[in-house]
Amino acid sequence: MESAGRRAWIDTFVLPLVVTGGLAAMILDTAVNPDSGWDQILIAVVIATATILATEFMVRIWVAPEGRVIDSDSAWRVRADYLASPHGLIDAAGALALPLAWLYVPEYRDAQLFVIVWALKYVRHSTGLLLLIRVALRARAALFTVMTVFFVVFLGASTVAYFFERHAQPELFGSVPRAMWWAIVTLTTTGYGDVVPKTLWGRLLAGWVMVSGIAVFALWAGIIANAFAEELRRRDFLRNWDLVAQVPFFQNLGAAAIADIVSLVHARDVASGTVLFRRGAAGDTMYFIVSGEVSVEIGPKPQKLQAGDFVGEMALLFGAARSATVVVTRPSLLLVLDIANFRELAGRRPELINVIEGEAERRRDANRAFSA
Amino acid sequence: MESAGRRAWIDTFVLPLVVTGGLAAMILDTAVNPDSGWDQILIAVVIATATILATEFMVRIWVAPEGRVIDSDSAWRVRADYLASPHGLIDAAGALALPLAWLYVPEYRDAQLFVIVWALKYVRHSTGLLLLIRVALRARAALFTVMTVFFVVFLGASTVAYFFERHAQPELFGSVPRAMWWAIVTLTTTGYGDVVPKTLWGRLLAGWVMVSGIAVFALWAGIIANAFAEELRRRDFLRNWDLVAQVPFFQNLGAAAIADIVSLVHARDVASGTVLFRRGAAGDTMYFIVSGEVSVEIGPKPQKLQAGDFVGEMALLFGAARSATVVVTRPSLLLVLDIANFRELAGRRPELINVIEGEAERRRDANRAFSA
Amino acid sequence: MESAGRRAWIDTFVLPLVVTGGLAAMILDTAVNPDSGWDQILIAVVIATATILATEFMVRIWVAPEGRVIDSDSAWRVRADYLASPHGLIDAAGALALPLAWLYVPEYRDAQLFVIVWALKYVRHSTGLLLLIRVALRARAALFTVMTVFFVVFLGASTVAYFFERHAQPELFGSVPRAMWWAIVTLTTTGYGDVVPKTLWGRLLAGWVMVSGIAVFALWAGIIANAFAEELRRRDFLRNWDLVAQVPFFQNLGAAAIADIVSLVHARDVASGTVLFRRGAAGDTMYFIVSGEVSVEIGPKPQKLQAGDFVGEMALLFGAARSATVVVTRPSLLLVLDIANFRELAGRRPELINVIEGEAERRRDANRAFSA
Amino acid sequence: MESAGRRAWIDTFVLPLVVTGGLAAMILDTAVNPDSGWDQILIAVVIATATILATEFMVRIWVAPEGRVIDSDSAWRVRADYLASPHGLIDAAGALALPLAWLYVPEYRDAQLFVIVWALKYVRHSTGLLLLIRVALRARAALFTVMTVFFVVFLGASTVAYFFERHAQPELFGSVPRAMWWAIVTLTTTGYGDVVPKTLWGRLLAGWVMVSGIAVFALWAGIIANAFAEELRRRDFLRNWDLVAQVPFFQNLGAAAIADIVSLVHARDVASGTVLFRRGAAGDTMYFIVSGEVSVEIGPKPQKLQAGDFVGEMALLFGAARSATVVVTRPSLLLVLDIANFRELAGRRPELINVIEGEAERRRDANRAFSA
């Protein structure tokens, strides 16, 4: 556990910092005087980073089988799986970038440019890499169609522009390949302005190309956005399901009810010592405790609530201010249900709300007893 | 009540106007001759605005606890809460911008530029600030992933462009940091045209960078748009729920029915004297009265309808023209149900429509009696 | 009826053509030599168009009350309503553009430029004007927030750019108003390239401004797109409801069932003589007849189907090829149910499909009798 | 079957390659020295491609009626249908481009440019052509409205820009048609920078035009994206329905249940020899076999599963690792149900999951027997 925490910390903070240092050194080295002292320092930083990443790669190969119950024979198979995974490939590219480039590129300063592949480490340690790959796969058919259409428009525009402009501007439109530079700059609405049609027909074509470009990229945007939204929904659904299924309060419900709840809550990690809410404050959320412990500061002696309990329901049910201050006493994982979703849940699963209401009334009576 | 109205008026109209005046003076002052009389007038306007905003800030600190039932001890806590809130921070920045800048910046005309933070007041008084913050929080994970991908593409494009173009255009692509300027201008498809690749490989890279830029920003657009739409839906749901729950006609319905209705109506504030609809006009909306009073101009003596009543249902039910003119006689808050949503409601909650239909038939018979 | 058809034809084809002629004449007149004969011809065309539009305006005022059952007194009120409606305002602007401009602008050729307001006639005769207005109203709160944010970013970017670049490029960034030109060109990613930051800090700011611009417009796009989609859905729902409610076959269903059907069909106008489908072809749609008549070419004598009947269901139910050719014998309005939606309907309303299936089997047996 | 496979292979790989070769030759020919040997080779390649495409066209006309049960008389009708279809038109254009151009264009090198229509062959062989046409049809009304608005803004901007800038820059804004070039470049935010307003009013107009341009294209993007998403959903629904209906396990369910399942599974073609999953791996998908055969490597003798069986359900139900390795032994078509959708299905159709659970428990007991 200890070691797992340390590793996550290294992955999230230390390695990106090391990579950033190495990349910054490489980038700055292209700007400094090669004879100055700075040059040597920067090259040293790049080589040091390369050494760290190579070491990291070897450690990762070694520890890949850890935490899996497997016989020693299949340990090497797990290592091979790691090497063939996207993560393994990025790590390998990072470790081998400088040595391989050094071998094949005569000039060291040129070889050093190849460490730009270290930038892939940023997406490797972000959780988003897998998500983006899934999005691309989900939308691949539609994206491919749009790219084909884009390519057809691009070829057509280049050829027609060459036809219209070749005599007016032979330098810039003297062949179809030259006209292609104009076409891509216009089709993406980048519009550098270094190549601009001058003839009437060339300008009519240009107007049409600009509008087509926007239409094509609007299609592109729509497809990616749709695929992204669906993929996010799917991921959140899976993550929340696992958490909801851990709460005893929900366990004797059918799958249909759990599916409803899953779409209405979201998870939150809370550090020990956090004040969830204070007595007297306005309240618009309730909490289910997945793991950890919270303390309700009411009556002579604070009341402890643990995994499976819920808290904060009274403000939602009776619309009143918070009746007690609640403090998190151990690092906790909570499911948060806000008032909008609470009301939707009340619509879809009245029986659930009845149970919460029963508990809330029991608690309110207990509170009155304390106050009396 | 009186004073609350005056305050809202100051927040919505007076303060934005003051801020606009101060900002305009500061902006124009950079364009006028520093020795002309205009300069002194503009500086005076800026200082006057700064004084008003500082006064406003102190008043707001003082009145922060108003309207809350709290003991005098916690009044200061409420003030501290205000200061730590986004609203408080914007007010503080507005009040302190000029004095602090004056203290640390030697030249007054430079110090004056810092009053640009007053522009934040525009979003402070708009209700949208909180909404935008919630949208950003909701989408933060996805936006962070996309920004990481953008950064990786940006670094890669800069390095490769440097490699391809450094010999052809040493002035513009002579180091990676210089190539970065080209990369950001191209990746966002801004395309100033001051830096343009000249080599074949540089242009192939540029085409790829433009297309990548559009793909990355399409992702961005999709994520923001999705998060915004969901957040808006959530806010409308909450606001309408509170209003629907106030209408007696709906109060003995279960939460499920209320949730259905909430998604189908929208709220409208109507001033006294407004004609909701005229006799004989075509009608496609009905109204539930949350608060206020309307008068149905039918029969010998107009009939008054109050909170909890509804009006306009006959045109929806029988498809006929409006059978009476209806005028708002006191400032009213109405829930509007248009014909498309009425029909959806008829599908989901037939029992509700039956009650409305019963009332409508009762009224129609009464009307006939009047006419007879 | 005759006259209504002629009027629709004038609105859809004749008037846009007249407007296009007038606008083209005005536009070309700015390009021709004022002393050539062409000039006089073009001016004549503009004046002729103005005359036609003024006549049209007066006719429209006169005929506004037509087709409404009202007493002569309120006829003038209907005319006033027309004048105050968006359509009336556009017509008035079109009729008065040239005369008013002539009155107040000394030079006729300048006055003539004002006829550009005729372009509004294009949206007046398109059915989309009302739709766009509703979309703008629906999204107005969100759009206003985004525009405020845009304005704050714009002001901030201009001031900071002025601060960074004023010494390096006093000509282009010498005051905040001048820097504003750069800011708007960059924030919209237009990037003319006439004003480009040169300092390091100016370029860092520019990168941030470009990315902000895209983020702001992504918000904008998302909001508009959402509002547009919802508005379209609402309009289609209303239009289809009215048609579905006319089909006898659906009339004894409850509102819930009708709401389901409405979301699954779409309407299509079909001219007399159209072949809906041919015998032996693969079929993936069925048709409900709202009005008109179709003829099923089967057996010794074609069978006529009229309003309330349906046709084409066999190919959907039994997956076979079309068993008869069906021809439209009178101009008809049909509701089309395609196979994907038919299957969804089968899921939601099995009882409805049972009725269709019963009728289909009855027909199939009848066909067998013919063939035998 | 054999021949169908070969034809699909020609359509997907050979013809696009031939077209790419021909287009590349035409494009490169505009860049080479017309007196060099390369010129003759490239022209030969173009003519060869034209010959192949003409042959392909004639073969397609001939084989069009194949695979349909029709009498010889209607074979020619099928051929005519093919010629009038989008596919037929593209093929005809491809076959006739060079010969017709040769006939009417005096210079062969100019005639050759017309072979750019071959690029349409890329979309002809992609499955996306039909999809894009359907999207355009579905959104045509909304797109037409937006284009009208765009056109009105474009005309207005050109006229006003001419009015503001004509004296300052008579070369660039000397007539409305000239100002149109500036307007289209600005409205699409391309911003070449060759024409830039210089006056204060011209720049204010430009700022407004840029913002309008983005708003118009945001509308455009939203409409296209919506239509595309709906069309894709419809297509997937239809394709999956046909597959689900083939699985015996689902056949005695009602249409409502099938509609639910259809929206939750997706189809996958799997080659013989593929390992679906390995024993001991974590599992998050189950598979229904539409056609083909898989082998479960458990117990003394592998167990064969065929069309209608399912596999992989245990990992989903009991959350355990895969209990057996499963290999595909014949080319198979599988329906994949992943864990997120499995849980949704459990919510909507508990009876179905019960059947799967019963089978899973039976299998688990059988496995225990093997292990014992």
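Just so it is clear, A, B, C and D label the chains in written order, and each chain counts residues from 1 on its own.
Quick note on the criterion: a contact is a pair of C-beta atoms (placed from the backbone, for glycine too) under 8 Å apart; a residue touches a chain by one contact, two chains touch by 3 or more.
Here the structure is a predicted model, which means the values were calculated and not measured.
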{"item": "Least hop count linking chain A to chain C through chains in contact", "value": "1"}
{"item": "Chain whose Cα centroid lies at the greatest distance from that of chain B", "value": "D"}
{"item": "Interface sides of chain A and chain D: same vs different residues, half threshold", "value": "different"}
{"item": "Degree value of the rotation bringing chain B onto chain C, based on Cα positions, nearest 5", "value": "90"}
{"item": "Whole-Å gap between the CA centroids of chain A and chain B", "value": "27"}
{"item": "Between chain D and chain B, distance of the C-alpha-averaged centres to the nearest whole Å", "value": "38"}
{"item": "Residues of chain A touching at least two other chains", "value": "189-193, 217, 221-222, 225-226"}
{"item": "Partner chain B, residues of chain D touching it in the complex", "value": "190-193, 221"}
{"item": "Complex contact set, residues of chain C against chain B", "value": "70, 141-142, 144-146, 148-149, 151-152, 155-156, 158-160, 162-163, 174-178, 186, 189-193, 196, 203, 206-207, 210-211, 213-215, 217-219, 221-223, 225-226, 234, 237-238, 241, 254-260"}
{"item": "Residues on chain B engaged by chain C in the complex (per definition of touch)", "value": "23, 26-28, 30-31, 110, 113, 116, 119-120, 122-123, 126-128, 131-132, 181, 184-185, 188-194, 217, 220-222, 224-226, 228-229, 232, 280, 339-340, 343-344, 346-348, 350, 353"}
